[in-house]
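What follows is subunit A paired twice: with subunit B in the first complex and subunit C in the second.
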Partner chain A sequence: MTATRLVAVLPLTLLFLLPLVAALVLVLPGLLDATAFASMIAHPQFAGALWLTVFTGLLGTGLAVLTSLAIVHAAGSRDLSRGSGLFLAVPHLSLAIGLAFLIMPTGVIARLLAPLLGWTSPPQWVTTQDPWGFTLIAALVLKETPFLVWAFAALLNRDDMRRALDGQVAVARSLGHGPMSIFLRVILPQLLPRMAGPLIAVLAYSLTVVDMAVVVGPGQPPTLAQLAWTDLNDGDAATAARGGAGVLILSGLVLLLIFLVGAALPLLAPLRHRLLASPPRQDAKLFRLLIILWPAWFCIYGAVMLVMALQSIAAQWPFPDLLPQHATAAAWLRLVQDSGPFLTTFVLALATAMSSVAAAVAWLEWAPRRADRIAALVAVFALCLPSLLVGLGQYRLFLALGITGTAPALFLAHVLPVAAYVFLVLAGPYRSFDPRWNAVAAGLTAQPLRFLLRIKWPMLKAPILAAAATGFAVSVAQFVPAQLAAAGRFSTLPMEAVTLSAGGNRPLIATHGLGLMLLPLVAFLLAGWFGQPRWRMR
Partner chain B sequence: MLSLRHIGLVLNGKPLVRPFSLDVAPGEVVTLMGASGSGKSSLLAFIAGDLPPAMTGQGDVVLNRTRLNPLPPERRGLGRLFQDDYLFPHMTVGENLLFAVADLPRAERLQRMEQALTDCGLEGFAPRPPHSLSGGQRSRVALMRALLAEPAAILLDEPFSKLDRPLRASMRSFTFEHIRNRGIPALLVSHDPEDVPPGGRVLEILEDGSLKNA
Partner chain C sequence: MLNRRRLLLTTAASLFLPVQTGTAQAADWPAIEAAAKGQTVYFNAWAGSDPINAYIKWAADEMKSRYGVTVEHVKITDTAEVVKRVRDEVAAGKQDGSVDLVWINGENFRTMKSEKLLFGPFSEALPNYALVDTEGKPTTRQDFSESVDGLEAPWGMAQLTFFADGAKVAEPPRSIAALTRFAAANPGRVAYPAPPDFHGTTFIKQVLIESAISPAAFSKPADRMLFSSYQPVWEAMLDALHKSLWREGRQFPKSQAEVTQMVADGELLIGLTFNPNEPANLVAAGTMPAGTIAWQHEKGTIGNTHFVAIPVNARSKEAAQVFANFLMSPEAQARKNDIKVWGDPTVLAVSRLAADQQASFANAAAPGSVSLPGPALLEPHASWVPLLEDAWLKRYGKG
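So, the complex of A and B:
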């Protein structure tokens, strides 16, 4: 292997591939631990947790798919990618915290309703941590819908896709089909097969999410992910092993459900034929109402941020009052004074984003092209894996290496999903760079490195910065693997936020929720600003 | 009868096609000639009701005494053919055709679909995926699909330009024959003089956007 090949392949292999493979191999021995499985299955809350996991995971995914489709349909030919990118910057945990502040009995919605209904004390509703997990489902739908919209938009923005579909839509309309009929029969059947990756990622995430479930999910019983998580963090070795078995059962459940959905698809073939071959239909007027869905998402996220901002400075906030009586900066001051977690989060995000961008650029520039597909597949695969499974494997890896609770372990725990995301975001734009520029530069006798530094990378600065910002945001939001790797010796913002959410210091919870959200937002704003072209072309 | 009354196109405030009027009789094929960029395809898009937002159209489109301007494309009863056949790649040939057949009893719909395949010499092709057909076969299916929707007029946007030369002549006569049999007005847009059906009327869009009988 030549030196260039080594430079191309080594960084991403060391940061991402090797740790991933090692982590997955190290969870395998757990499969043989029959005692742990038996004690997990005998857990009094196991059956309830299993059912709750399936219920919240499937319903959350299903609703997110439906709403994202409705949004994509209602948008017609408008480009949704810019708007949906904004939502991706918001960490799941922030959204869960803000949503809780919005809908809990002393939340802003209850305060808004109070004067209308004459309430003087908080209503008796059980919203956050409701036993059915409806709040968890709502949080999942709110967060996963924009992700799916973003994935759909990316697909629709591809030149080949756009051109073919535009023509097909024009033909379909001339044949007497309304926009909804065309969306269902012409557009959707061509999009869905290409959306398998994002759809599986959403399903796997919804079934295995920990941080959101801790904040807004049910507790008695909790979801399986939470049940296993509690056990994993137990000092007792047998309990931790039971947690490990729980993680494996959960991962098996994810695989089983994906397999079942895959196996059920061929059964739908007759239905598919009936749908495709049905006569022209014009749209019901009601469908036009779908246009309000996407703006509604902006409003909800805006409300979530506003509520957290209010809560973070509220000194006293007796129930029916719409606004706090006094404002205080105490919680923000504490965040600044105890700046350890904030700084740790920031430095980790910066380090993981920069090293991932460097590794991804090295791979894309110098690795053979056929290796790209493999790398992309592995990245998608890694992002579909439950964070509990990867976290558990990494924890064992760090133990074996003797680096648990050290900065390198924390870095490796954060960099894995960051590298995967950065690679996926960067691969498309980087590979579609017009190779004729190379020829032009070579014609001007520019050396290869000079060409990269002066021509290619500056021309690609927008996607490179966007990938860096994405990586930064992904790192900021890491919870499960980070907490396990830190072993109590480090703390990051998400860890603090989850711990705090069990207590009652609402201003402090709110500052952490907002802080978590602001870091990625600032990163995206900076990337957008510096990624601007030198001139706006008209 | 398809009547265009003082229709024209404006692009960025400048007239692209100056207002003109035209009546196309049932069974007649009128050809609009013009260089690329002259706005002839956009004119068809305006008539069909899906002009891109950058352009504005003016004038009235009247089909059999109904003014079409306020109607969405799917309610105008105008068939369309393009350079590309735009057969839906995820549907079989049969599904592509059924997509256009009106809401009738199932047996009747299937019968119409089979008849259309017979009419274009593709019996038994219903279960095949479009990509397994030759270019000429695909074009014929696209024409049959457009006709199965029973359009009251048809708009042809250079439908022969991507076909191989020898195929082009036979596809032309095949298309014009079917349109004549249906007795519907047709408006053809082309830059190839050979596309003009024998004895057909021809209008040319000149460089200044005005139209001239050729």
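So, the complex of A and C:
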């Protein structure tokens, strides 16, 4: 019995819980430096950065939640999970790079307008790096909406949810409620409480993102995450300490905002009561327009990818020309010839995703159910913390162990967020597995292991593969922890992409942006294909 | 053994005679070369430029075939990251550090030197150091007015240079005042990268020098008191310029490379670089048109030297020295000087080389070469940098 417990708990503890706790224990005391805090608060850009962070983070999250709800509502009973999986494969950094190529003053949209408006030099419009951070908000909404749609869809696909909702929706319909009315009164109140994890993850991510803000965010002032990241990398010890203080302030801000948003939601109760007290209603015609939202997402992502593909082969592309003058495969050849970063990224993603899935399955299968809450809470907590803080803590841990710049350090740095995501994605579907199958199998005298191998895991292969693909994508996108742990000994695709974006060679930037996208895309497509029931695969 | 060598080096260095230096270390140079064989040098170098990366690749291949030394180019965006990494490693007691050689100068050098994070002195004992033009190029011994003391080996020369498409900029502005008038006539088409980007910081230093009547004071260490007497004029000059900059001086491009890309796109009219041959290099690469012109300010622009240094906890100190010596060799320097390769000016005294070696340094006048040169001005002492950057952020960093 104790042996089973150990098998159940040990892998996730070693990969995730222990390193996280050790990282935090090592990093926090060093950051509690009064002088550094005072100098961060006295930083001329601090107030502006704080405001910008709160503004972009809250507005980005709020809009993403509203849009995703509109999309889920408009889809009705259609299953959105497979389509939204494709969006998950696009890393934040790739989307930001592609979006910039689309909307900057020399971007494709300006080139399309140029002949109409007689422009010969690029317009002086303010798109990327706008002082309000609207481009950053747009990028966040574009990226986070499909994630939320995917999370909603996964929830609606669960057997227990579907069974409960189907009946309730039928009742509501027979009482004369239109689809929007049903959505607001019946579906939404049951969805939202179960969505706390993904919603918190989106808010935390929007507040703390570094790579996306570097590419499309403003610089004077930048967001707090960018400000802290620049300071952290400074050669001067006092400035680096100021960056550490910035990271801690950012972490506090995230926790505070999550708490405030959570506390503010009950204030909306009167509004909800008024809605519930109103008589059944048919939908306004306008709501039907929501149906175009989801296809619009496909169009925007398609345009972004197309522009990146064009840019990746453009030898010379002077301004008003709609297409590049010459095509060249030089950038792609570079990616192939200098294949180290690509392979490192691939091997890391495969290793972290597989070990995380194994650890999560072991935990969910054999650990006591009470322990789930702890693991889930720690996972959500880990995702709330800025990757800056966790990355810095891990770096201190690796320094103390003397393993910076080694393969194990790189693996541990990547596996931490991967394990958190995989556990959160898998926990719901795994726990909602109908226990009556157990009873049936036991009645047919199947041994426990045989039951797992022949019945339970095959039946759960879709969510297990989806969790693996998610983990793979999360690993591919890691920048901050990877950069710190690698100590220059290893290079991964996001590290190359960020380094290159400092150099301004657009074909190379575009190639790496697409390369970053390709790996998770293949993973999600494979997961989708093998995740189908066997009869559909033939 | 190590102490004896250090003793010899300091004696040699104190004589200021390259020939003496040569004989002083001649005895153990073969030993260093022998020890270097089979070692791996992790060379941490800024990697934002394709021609530079390609040149480092060439040098790495040569090291492998000539000395059996493996050179790995660790691509970084900001040398400050390396300073921090070495400091963290040394503090954690890590002896086999992750950095063997780093491309460095200025403030980062001063930090590493003052925190005793550098190995050496070694550079003046390298055989090829005898060829360095220490008299004609005093910045090879004074890095941002900080004494080098043999802790870094000179690699290349730099001078702030401006460039533009000659078809769009008929008369290049050759002072900050002229640049301000040019910007006023072309609002929104001039920009410089935001400090602490290296080029952005250099630009505001150039403004400081041009705003002062006697720039001699800048070669001495600065303090707030001294700076405050120069600050109002400096800020007035920047204020006047910023009014007509890109985005009215409220946002700034994030790097020099971004400015260059925007100039190539026609979004900006004037670019800036620390490598006088970069504009010609950009023409050769097809990024800028053949009519590109390059210039320096009439009364001069800031010039300096960039170096390579070995951290105190480097694992392959021997191989790092062999590589540093190779980078200073006439062959490697001539190739680096070639506009078609990189175009980075040499640190060597070309006139002291053999005739055929001298010929290898001749760059045919290429389109985009500097047509209006100005004298090289000494960098202000590195201690001015934090004062300038802080004042700049306070005044212009809030959008």
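Just so we're on the same page, the second predicted complex is superposed on the first by the 456 of 538 C-alpha atoms of A that agree within 3 Å, B and C clash if a C-alpha of one lies under 4 Å from a C-alpha of the other, contacts with A are read in each partner's own complex, and residues count from 1 in each chain.
By our rule, a residue touches a chain if its C-beta (ideal position, glycine included) is under 8 Å from a C-beta of that chain, and two chains touch if they have at least 3 such contacts.
These figures come from a predicted structure and were not determined experimentally.
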Just to be sure I read the superposition right, which of the two partners does A:315 touch: subunit B = first, subunit C = second, or both, or neither?
second
Using the superposition on chain A described above, determine whether A:172 touches subunit B (first), subunit C (second), both, or neither.
first
One more residue to check, A:129. First (subunit B), second (subunit C), both or neither?
second
Which one hits more subunit A residues, subunit B or subunit C?
C
Return first, second, both or neither, reflecting whether A:399 touches subunit B, subunit C, both chains, or no partner chain.
second
Tell me the contact category for A:18 with respect to subunit B and subunit C: first, second, both or neither.
neither
Under the stated touch criterion, which partner chain does A:277 make contact with: subunit B (first), subunit C (second), both, or neither?
first
Residue set of subunit A touching subunit B in the complex reads 164, 167-168, 170-178, 185-186, 189-190, 273, 276-282
Could you pull out which subunit A residues touch subunit C in their complex?
43-45, 48, 105-106, 121-122, 124, 126, 129, 131, 214, 218-221, 230, 232-237, 240, 315-316, 318-319, 395, 399-400, 402, 404-405, 487-489, 491, 496, 498-500, 502-506, 508
Hey, which residues of subunit C end up touching subunit A in the complex?
42, 44, 47-50, 74-85, 87-89, 92, 94, 98-99, 107-108, 111-112, 115, 188, 194, 196, 246-247, 250-252, 254-255, 257-258, 260-262, 265-267, 286-287, 386, 390, 393-394, 396-399
Could you list, by residue number, the parts of subunit B that touch subunit A in their complex?
45, 48-50, 72-80, 82, 84, 86, 88-91, 94-95, 98-104, 109, 145-146, 149, 151, 155
